[in-house]
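In order of appearance the chains are A, B, C and D, and numbering begins at 1 in each one.
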Amino acid sequence: MNEQLDELYRDIIMDHYRNPRGKRKLDKIDIRNEGKNPVCGDEIEMQVELEDDKVKDIHVGCMGCAISVSSGSILAEMVKGKSLSEVKKIAETVKALLRGEPVPDGVDVGDLEVLEGIKQFPVRVKCALLSWTTLVDALESHEKGKDVTLSTTE
Amino acid sequence: MNEQLDELYRDIIMDHYRNPRGKRKLDKIDIRNEGKNPVCGDEIEMQVELEDDKVKDIHVGCMGCAISVSSGSILAEMVKGKSLSEVKKIAETVKALLRGEPVPDGVDVGDLEVLEGIKQFPVRVKCALLSWTTLVDALESHEKGKDVTLSTTE
Amino acid sequence: MDTITTSKKEHKQLDPMILRDDFPILNRKINGKDLIYLDNAATTQKPWSVIESLRRYYEYQNANVHRGLHTLAEEATSAFENTREKVAQFIGGVKTEEIIYTRGTTEAINLVAYSWGRKNIKEGDRIVLTEMEHHANLVPWIVLAKETGAELRYIPIDVDGMLQMDNLDQIIAPDTKLVSVTHMSNVLGTINPVKELAERAHAQGALMLVDGAQSVPHLQVNVKDIDADFYAFSAHKMLGPTGVGILYGKEEILENMEPFNYGGEMISEVRFDHADWNSLPWKFEAGTPNIADAVAFAPALDYLNDLGMEAVREHEKEITAYALRRLSELKYLRVFGPTDVKHRGGAVSFIDREIHPHDLATFLDSRGIAVRAGHHCAQPLAKRLGVVSTARASFYIYNTMEEVDKLVEALKEARRYFCNE
Amino acid sequence: MDTITTSKKEHKQLDPMILRDDFPILNRKINGKDLIYLDNAATTQKPWSVIESLRRYYEYQNANVHRGLHTLAEEATSAFENTREKVAQFIGGVKTEEIIYTRGTTEAINLVAYSWGRKNIKEGDRIVLTEMEHHANLVPWIVLAKETGAELRYIPIDVDGMLQMDNLDQIIAPDTKLVSVTHMSNVLGTINPVKELAERAHAQGALMLVDGAQSVPHLQVNVKDIDADFYAFSAHKMLGPTGVGILYGKEEILENMEPFNYGGEMISEVRFDHADWNSLPWKFEAGTPNIADAVAFAPALDYLNDLGMEAVREHEKEITAYALRRLSELKYLRVFGPTDVKHRGGAVSFIDREIHPHDLATFLDSRGIAVRAGHHCAQPLAKRLGVVSTARASFYIYNTMEEVDKLVEALKEARRYFCNE
C-alpha cells in the first residue's frame, strides 16, 4: 500500500507542499477570487495581475492539505503568461489526468503529471481541482465583466 | 383456518350483523355522539335517552364491518337501564375479552363472550371497540357537562 | 437472469412462474395456504438481490458518506451515488443533480410544498389537483392552501374513473401556479394524461408535479418527455427497500428553491449567524441519509431493467385484463376504474354489495390471499365513488393468472360463508 | 449472548475481543491491513443480529403497515410498533405516544423547528445553543431566527472544551423560548450538564431540546430524569440501520404541535378542503415509514441492553483514558476536549501541528485505520478552536487497547513519512 500512497504524495508534490510558489501577495490586483472546498474546509485566496488579458502575475494563498496546496503551487508556476483559453485547457488537462482520461492535445503536461497519482484517491480529486476552478471562474467572470467572489468544489 | 375464522364470525355475531339492534332512531335525545375508526372508515352514530342518569333507550347506527356492527348491536342490547359506571365496567370487560385478559368481577359476560374470538385478529379489535368508546365518551362528557361530538379509535 | 424469453415479436416477455423463485417471501404459508400477495400497490416484495445487497453493504462497506477520507467511506459514498445515477437513467436520462433522495413519495411532495410552495404560492393563486389523489398529494396542498389563502381546484373524474378533460381551461386557468396529479391512481388504476396536463399547466405558467408512486414501478416513465417539473416516487413500491424515495426536479427550479431540512451535508459553510447551502442535489439532503437502502435500491432497478419495463407493462396489462374479466363474472361485485387496460394499471378496487371490504379481506386472508381493504389513503375519492372503503387487489410481476383464479374462487366462497349462498 | 462476564463487583464488563465476532465487517482487510474502525461517531458497525433481522423481515414479513387486514401487514405492523416500545423503554420508560420515528437526528430536530418553532418562536425571542453544536442543531435555528427575527445566543466553551456555566443567567434570560444543546459533543467528546440546563430553561419558561445523537449510543440516558422536552437521536450511531431516528417529545407538547409532513397515515379524516390529524405518534409519521429498518433497530437495542449501558460506558471510559494518555505522548499533537473521562465520551479530535488532517487520514487509511478528518459538521466550533479541520478517532464497544496502540504507531509513522522525522 505504500506504493499507492507514494503515488499520491510524490516528491514533487511534497516539495510544492513544503515550498509553495506564488506565496507573495500582489501589489497590482486585477482580479481577486476565493475558493472553498466545503467538504474539506480547504480555502484558497487568489490574486491575479493581468497584461493584455494574460496572467502576468499570480498569488495563491492556500490553507489546506498537501494535495490542494501543491496543486495551487503548480498552478502558480504554470499559468504565468497564459490567456484564459490556455488556462482553461490546462485545467481540462488536470481534470483529465485526475480522472484517468486522455489529456487534450497541445498541452505540455510537464509538472502536471505528478497529479496523476491522485486518481486512486477519489475524495482527494476535489482538493487538486480547487485552485484550478477558482482561477477559471475568476478569469471567465472577468471576461464577461461580472464579479466573482467565491468558487467551490465539492 | 376456518376454525379461527369461525371463532371471529360466530353465529351470534352474524345474527347481530344481519339484524342489528338499536336501529330505530330516538325521539327524545339527551346525548348524541359520533364515532369513527379512521383506519377502517367505520362510522357510528349514537343517540341516548337518559332517565335518572341511566340509559333509558339507545340508537346505534353503524356503517361498518360485521365486527363493528355486531359489537354495536350487542351494546344496544346490553346497556339499557345501565348507569355510566356500569357501562364503563362492561366496556372494560369488552376490552379485557378482546385482549385475552381476565375480566373484571361482577359483570355478567353473557353475549359479550362471542367477542372473544376477535382477539386472534388484532386489527379487528378496534372495530369491536368503536361503539363502546363512543358511548363511554358520550356519557363521561355528559356527566362533566361537556359536549362531545366525535370519538375515534385507531 | 434467466427470467426472460424473447418472443417472436422481438419483444421481451416475462414469465412470473420463473421469476417467483427470486422472491423468497413467496414461499411463505399464510394460515396454511400458499401466500398469494395481491397488495403490491401498498408495497412490493423484494428479490434476493436486494436483500443480499443490504447484507453485503453492512458486512463490507458500511460507513457514513461524503465526508470520509477512509476506504469504507469512499466505497459507501460511491455505492450511494451509483444508485442516484441509475435512478437518473431509469426515468429518462436526467442529471444526477436533479435526483434527490427522500424517505418516499410523501416526503418528496412535502419537500416541494415546503421549499417551493411556501415561497411561490400566494393568496388567490390556484393549485389544481384531481379527485383521485392519494393523501400524499392532497393533504400538503390542503394545508398550504389554508396557510396562504390559495384556492384548490379538482379535475373531476367520469363514471369510468378517467379524468374529465373537457372543461380543463376553466380549471387550469391563468392564476394556476401548480398542477399536481397522480400518474396512476392507486385505487382506480387509471393512467392519467400527464404529458397533456403538463402542457396545459405550462401554457398558464404553472408548474407540473407528477405523483409517480404507482407509475414508475409499472410503466416506462420519461420525465423529460412528460416535461414534468417535479416527479416523485418510492423505492419500496418497485422491489426496493422501505425508507427511500426520489424527488426529481428540473435543475433550474431546484437551484432557485430554499432547502427543506437543515443540518449536515446540505451546507457549504456555517457560521454562528449564517449558513450557505451546498450544491445540488445535496442541498436537499440534510443529515445522514438512508445509505444502505439507497445502495440496495440499485439491484431493484437492475432487476426491472433486466426484465424491461415494456415487458413489465405487458404482463400487467394481461393479468389485469384477465382479472377484470373474471371479476365481472361475479355479478354481486362492483369493480371500479377504467375497463380498458390501455388506460389503466394493475390496481383493481371492488366491493361486494353485501360483504364489508374488511370482512372480505379477513376472509381472503384465511385463504392466504393478501388484499387491502379501506380508503387506500384517498378518502375524498372514496366519497366521490359513494363508498367508505373498497377491497383492492393489485398485481405485480410475480403474480399469475392462477392466482387471479384463486382470488375469484375465494370471493365466491366468501359469499357462501357470509351470505349463506 | 456470551459476550458478558460478571466481574467481582457484580458489575457487567464487556470484552471487545469476544463481541468483535458479532460484527462481520471487522474481518475486512483495508489496503491489506486489518480494518481498525475508529469512525464510530459518524456511524457504527452492525452486529449479525441486525443484519439478519433485515433479511428475515424481507423474507417473511414484508408488508406495508397500519392499514392492512392481512397476516403480513399485521406482522409487519406489530414488529414496527414493537421497536417503538423498546425505544420508549431504552430512554427511561416513556410512553410510546412520545416516540416518533424520523430519518435521523437531523430530521428530528427539523421536525421541532418546523412544527413547534414556527408556531412558538417570535421576533425578539431567544434561542440558546452552545458553541459546540453539530450543524444539525445549529442550521435549523439559524434559519428559524432569520425567518422570525429571533435572537440566537451561544453558551461559550472554556479551554478544556467544557461549557462555561458561570454566566448562564445572562444567556438563558427571560425571553428565552428554547434551549437546545448536545448531550455529548461529536468533536470534543464533552458531556454537557443537560439536566441542569433543562432546569434553567424551565425556570425561564423555555423548552429544552437535547441532541442525543452521541449520548444515547454511549450512556444510560433517562429523558424523564433530565426532564428534556425533546430528545433526538439516530439508530445508525448505535448499532442500528441507517435511515431511522427518534424524536422523543413530551406528550402534552406534541399534542399541541401541528404536524410536519402531511400525507397518508398521519390523518384521521380528509375531505377535499380539510383534513384532521391522527393521534400520537402517527400524527408526525406521514407516508410509508422506513419499516424494515425500524424493525431491525430492535435487535440493536437488545444488543446494547444485553451488554448493559453501564458496561458500554465503562469500556468507553477505559479506552478513551488510554487513548488520551497515549496521544499525549506525541508532543506534536494537539488534542481537544476534556482530559478527565468523567466529563467526556470517546470522540477524540486532534491535529498534528505539521500534517494536515486530510493527509493524516489518508495516511492512516493506508494502514487500515479509519478516522474522520474535517470539520465534523461543526464549523463554528472548529473556528472557535482556531482550526479548519481536525482528525477524529471515535471508539465503540468493539474497539480494543491494541487498536489504540496501532493508531499511535501509525501517527508516528506519518511523521516519518511527511516530515522526514
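We take it that a contact is a pair of C-beta atoms (placed from the backbone, for glycine too) under 8 Å apart; a residue touches a chain by one contact, two chains touch by 3 or more.
Because the structure is a prediction, the values reported are computed rather than measured.
*Asks:* Is the C-beta contact count larger for B-D or for A-D?
*Replies:* Counting C-beta pairs in contact for B-D and A-D gives the edge to A-D.
*Asks:* At what distance in angstrom does the C-alpha mean of subunit D lie from that of subunit C?
*Replies:* 32
*Asks:* Calculate how many whole Å lie between the centre of subunit A and the centre of subunit B, each centre taken as the average of the chain's C-alpha atoms.
*Replies:* 77
*Asks:* When the centre of a chain is set as the mean of its C-alpha atoms, what distance in Å lies between subunit B and subunit D?
*Replies:* Roughly 46 Å, centre to centre.
*Asks:* Quick one: subunit A and subunit D, Cα centre-to-centre, how many Å?
*Replies:* Taking the mean C-alpha position of each chain, the two centres sit 38 Å apart.
*Asks:* What positions in subunit B touch 2 or more of the other chains?
*Replies:* Expected reply: 39, 124.
*Asks:* For subunit C, which residues are shared contacts with two or more other chains?
*Replies:* 31, 67-69, 73, 267, 269, 358, 362, 374, 379 - these are the residues of subunit C that touch more than one other chain.
*Asks:* Work through the pairs of chains, note which ones touch, and then classify the graph as line, ring, star, complete or other.
*Replies:* Per interface graph, the chains form some other shape.
*Asks:* Got a list of which chains touch which?
*Replies:* Between chains, contact exists in these pairs: A-C, A-D, B-C, B-D, C-D.
*Asks:* Taking the complex as given, what residues does subunit C use to touch subunit A?
*Replies:* 66-69, 73-74, 77-78, 267-269, 278-279, 282
*Asks:* Going by the contact rule set out above, which residues of subunit A touch subunit D in the complex?
*Replies:* Against subunit D, the touching part of subunit A is residues 1-2, 4-5, 8-9, 14, 39-43, 63-67, 121, 124, 127.
*Asks:* Note which residues of subunit B are touching subunit D in the complex, please.
*Replies:* Contacts found on subunit B: 36, 38-39, 122-124, 152, 154.
*Asks:* Which residues of subunit C touch subunit B in the complex?
*Replies:* 31-33, 356-359, 362-363, 366-367, 374-375, 379, 382, 388-389, 417-418
*Asks:* Quick one: which bits of subunit D touch subunit C in the complex? Just the residue numbers, please.
*Replies:* Against subunit C, subunit D makes touches at 24-25, 28, 30-31, 35, 37, 39, 42-43, 45-46, 50-51, 54-55, 58-64, 67-73, 103-107, 109-110, 113-114, 131, 134-136, 138-140, 142-143, 152, 154, 234, 236, 241-244, 261-267, 269-275, 286-293, 358, 361-362, 364-365, 369-374, 376-377, 379-380, 383.
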